[in-house]
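Take a look at these structures.
Next come two complexes, and both contain chain A; in the first it sits with chain B, in the second with chain C.
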Partner chain A sequence: MAADATAEARLPAVTRPAGRRAAAVRHRTEPLLVVLGLAVLWEILTRTDVLPSRYIPPVTVIVPELADLLTTGTFWSSFGATVYSWALGFVIATAIGVPLGLLIGSSRLLHRATSVVIEFLRPIPSVALIPLVVLVLGAGYQATLMLVVFACVWPQLVQASYGAQAVDRVGWETAVSFRLSAWQRFRRITVPSASPYLLTGCRIASSIDLIIVVTAGIVIRTPGLGNEITLAANAGSFDSMYAYILVTGIVGYAFTTGIAAVEKRLMSWRPEFRKAH
Partner chain B sequence: MLEVQSLGKTYLGSTPHEAIRDISCSVTEGEFVALVGPSGCGKTTLLRCLSGLDSPTTGEVRVDGARVIEPVASMALVFQEYGRSLYPWLTVEQNMRLPLEAAGVSRSEIRERCDRALTDVGLQGMNDRHPWQLSGGMQQRVAIARAIAYRPRILLMDEPFASVDAQTREDLEDLMLDIRSRYDMTIVFVTHDIEESIYLSDRVIVLSQPPTTVAKVFPVNLPRERDQLGTKSLPEFIELRTAVHRAIRRDEDVTAGALAKA
Partner chain C sequence: MRRLTSVAHRLLGLLVFAVLVAAWWLGSQNSLNPFYPPLEVITQHFRDNWLFERVPGDLVPSMWRLAVGYLIGVAAGAGLGMLIGVRPRLRRAVTPVIDFMRSLPPTALIPTAIVVIGIGSSGKVGLIALACVWPVLLNTVTAVANLDVIWSQTAKAYRISGWRYLRRVQLPGALPQILAGARAALAVALIMVVVTEMVGSTEGIGHFVIQAQRTFALADMWSGVLLIGLIGFAINALFVAVQRGLLRSHGPRGTTRS
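Let's look at the complex of A and B:
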């Protein structure tokens, strides 16, 4: 034991990577333990009827129910519909919000001129538009898309606008002094400078997107996971209702984790992600 | 080749500020000119006007007879804030390539120029590092390499070594002398350090307190071959240092006197 300790002290370079690997494993297992702990707690509370198991089934009922669902066509078509609406809404909102935001953020005049309108429209909850959208577009798939786009354009636009304003003055003047054209400066300086903000915008928009898609499913009954939740609840099959709710949670988690992974890759130059050489 | 004719710069605003009153001077081909002056004397403003980043309120700047109204291809500017002037999302080489790609230089030529410039600043093989992986002195070397790879005829430097430690500073000063002898460049160098201005240059232009004018011009008649210890202990060097110092101080005294009277 004592011999080991001295060896370790003498060879920090060898022992440190192993220590780091152990830490990495710990970082992955810690959250998992919390999840398991909560599941066990849920199980106990529902089995002992502290929580009414008629409305809140135990985990050991929900998970097999979910496994069963995964073998049905209904599940996959509603899952597909939700992911599709999410993705399409995300792409459209990004395509509108990011260029517009970068443009507004790059021009002091535009920024001043548009700020009142943006600050007025932005806080309107997208769900408040449900009646209007349904009246105009009907209770279909376009209505959902419209709501998603309205909700997600703002975070994208505002983040892009902040990003364009975050361009460093010296870096900008360096580009001007080296005679980069306006377009070259936009592409090579403004966009990369703004990219951390753009990714934050994507992260915010992606979760709002999912919330709206599921809400639209519940309220205006567009096909998808939200609609399935309402159907299951109306039919009194709470097991599958919870199974669907669980799926929406997993989908949301997957989107956020995915974007975080992209961020880590693309932003390796940012101080918070830098690795020592 | 670089001419400044009665240049003046007043910043307009609620309280207009006359930064530069009247500066005329000219820099000949291949010359190394140092601009010194008390802090806040509009050295940087003058350099910005020379580079075309800023436009003078009165007078004009000409390069080879052509009036400078925006940055021109024959000039490159090295900033004091290397950490902000280099782009953190690009590698060392990508930082150097950016201006060359913008100027439409061919791929093979870009490679050649980058490699040569990096070697000349003593950073060969550092192409794929990121600026933030390098020390401050090395980062400023990258900024210098980027400027010389651009092949300007005139290199403008704005207090480039003001934010590095003393040892690094001396190394970078010697690097500039070396680069000057390798490349056929005219250099205008702004500094507040008197020794640095004399050590590097052929001519020291002392600027006055704002509203700035040229207080005095000192030709530096030291041998071209210079080294930190030898040159700085030459009697001519010390004499010149005292003279430049006096020129700056006298100007400060005059201003102080004027203020006291007012």
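Let's look at the complex of A and C:
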């Protein structure tokens, strides 16, 4: 009896259900407390003018301003323009990059022939093309799209080509000896093997995509959240400028966490994603 | 034999590259379209501008800001990440804030910085550094948190702790991922350099290309675009070389290939 009690006491606290529940609650509340704490700190620093409140308004000014913005048409049209450019650019870049990457990755010869060209083009920052794109396409959303596609094709292409190279040899040869058709091999062997790489490509591309869309708004002034930030800054209305920056951050956060969730869901069958985090 | 084939493969890649450049050269030779001047004219302007007339005035300031901002950002990200990564409770608590900051496109802060701090060099360096912190921070935190348990327990058994633990176990163990984050930050840093100069500057390579575009000096503009492309390629190649060296001398064993 006494021995049992010591054994019980030696168990780590977290394995007991009550402890686990408390930890789960803590995991939910503490991040919120950190966010709240930072907001309060911001409020104090700006209200006491430690940070110049002329340029950096307190949170309690920015948030109501954001609420006001949500009722305006300007906000929703620029929000829509940003999300639209993001999504369309993403789809085009994926449609070009993934098939090309899979093709290049599945042929040794192609892989070698294209390697130098890809290594050279990939690190070129697409913002370098801004002046060119403006001249050729004007300052419309086509210019943004062009930049986004140039920036996002590379991560998609490179990851897809890694993915095609990572195809499971045994699986592939089994499929060949069972006389699966080319489409079946692609569907049953190539896609599952390459899928983690493809999702990594999507994750990288989606965040570059948003950076380029917002940047195009700031530099070329194509309609969108970036343009609204610049307009507000130039007009000296810092409340709405920060409100727009906040919205831009929330959009980015939504994309990042959204893609991570999709990845987790689609990849739950793979061992490396199974371990609880 | 293997060495020979790998040289042959390299040559094939270079050959394709050379063919494409030659195609551009020949295809643009008689170009009358002002937007697409002949490559020959572009290279002439490239020579006039960047060997080395505009180097001290435009290229050096850009590269200086890139280097300083980048190094500050990477150091801050890695340092903070090492502190946060080993504290699970702190790590969970600040994760949403880190996620938010890394998802916010860093260029969104440029208009603010121009109005608040002006268009000086220090403001730009600060923005570049701020943009570089997040990818490095995120990777460092994840790497440190997922460090092999055997390592930390061995270190504990040998009573290696504090600064020595950080330097001898944590840093080498997390190095591959820290460097992966630093590589992502490099791309972001270059974007920030170019964009800060395009929007608010009187010098620098970004300012040069946008000014050339506005004055319709199109061959000059092309020469600048080409230069930015070459810079991107060069610093990436430099990074890969440094990364390989660092992993070989300081990284965990068996990861030198990455």
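The rule is short, and it goes like this: the second predicted complex is superposed on the first by the 248 of 277 C-alpha atoms of A that agree within 3 Å, B and C clash if a C-alpha of one lies under 4 Å from a C-alpha of the other, contacts with A are read in each partner's own complex, and residues count from 1 in each chain.
Definition applied: a contact is a pair of C-beta atoms (placed from the backbone, for glycine too) under 8 Å apart; a residue touches a chain by one contact, two chains touch by 3 or more.
None of the values given here were measured: they were computed from a predicted structure.
Asks: For the three-chain model obtained by superposing on chain A, do chain B and chain C clash or fit?
Replies: Superposition result for chain B and chain C: fit.
Asks: Taking the superposition on A as described, I'd like to know which of chain B and chain C A:Ile245 touches: first, second, both or neither.
Replies: The second partner, chain C, only.
Asks: Could you say whether A:Arg265 touches chain B, chain C, both of them, or neither, answering first, second, both or neither?
Replies: A:Arg265 sits against neither chain B nor chain C.
Asks: Quick check on the superposed pair: does A:Val34 touch chain B, chain C, both, or neither? Answer first, second, both or neither.
Replies: The answer is second: A:Val34 touches chain C but not chain B.
Asks: Is A:Gln184 touching the first partner chain B, the second partner chain C, both, or neither of them?
Replies: It touches chain B, and chain C stays clear.
Asks: Look at A:Pro192 in the shared chain and tell me whether it touches chain B only, chain C only, both, or neither; answer first, second, both or neither.
Replies: A:Pro192 contacts chain B only, not chain C.
Asks: Does the superposition put A:Val176 against chain B (first), chain C (second), both, or neither?
Replies: In the superposition, A:Val176 contacts chain B only.
Asks: Of chain B and chain C, which one contacts the greater number of residues in chain A?
Replies: C
Asks: Across all Cα pairs of chain B and chain C, what is the smallest distance in the superposition, given in whole Å?
Replies: Nearest C-alpha pair, chain B versus chain C: 6 Å apart.
Asks: Would you mind listing the overlap between the chain B footprint and the chain C footprint on chain A?
Replies: Residues common to the chain A contacts of chain C and of chain B do not exist here, since the sets are disjoint.
Asks: Quick one: which bits of chain A touch chain B in the complex? Just the residue numbers, please.
Replies: 168-171, 173-181, 184, 188-189, 192, 195, 269-271, 274, 276-277
Asks: Which bits of chain C are touching chain A when the two form their complex?
Replies: Touching chain A from chain C are residues 9-10, 12-14, 16-17, 20, 35, 89, 92-97, 99-112, 114-116, 187-188, 190-191, 194-195, 198-199, 206, 209-210, 212-213, 218, 221-222, 224-225, 228-229, 232-233, 235-236.
Asks: Spell out the part of chain A that touches chain C in their complex, as residue ranges.
Replies: Spelled out, the residues of chain A in touch with chain C are 26-27, 30-31, 33-35, 38, 52, 55-56, 112-117, 119-120, 122-125, 127-132, 134-136, 207, 210-211, 213-215, 218-219, 225-226, 229-230, 232-234, 236, 238, 241-242, 245, 248-250, 252-253, 255-257.
Asks: Within the complex, which stretch of chain B touches chain A?
Replies: 51-53, 71-73, 75-77, 79, 81, 84-85, 87-89, 98-99, 102-103, 129-130, 132-133, 150
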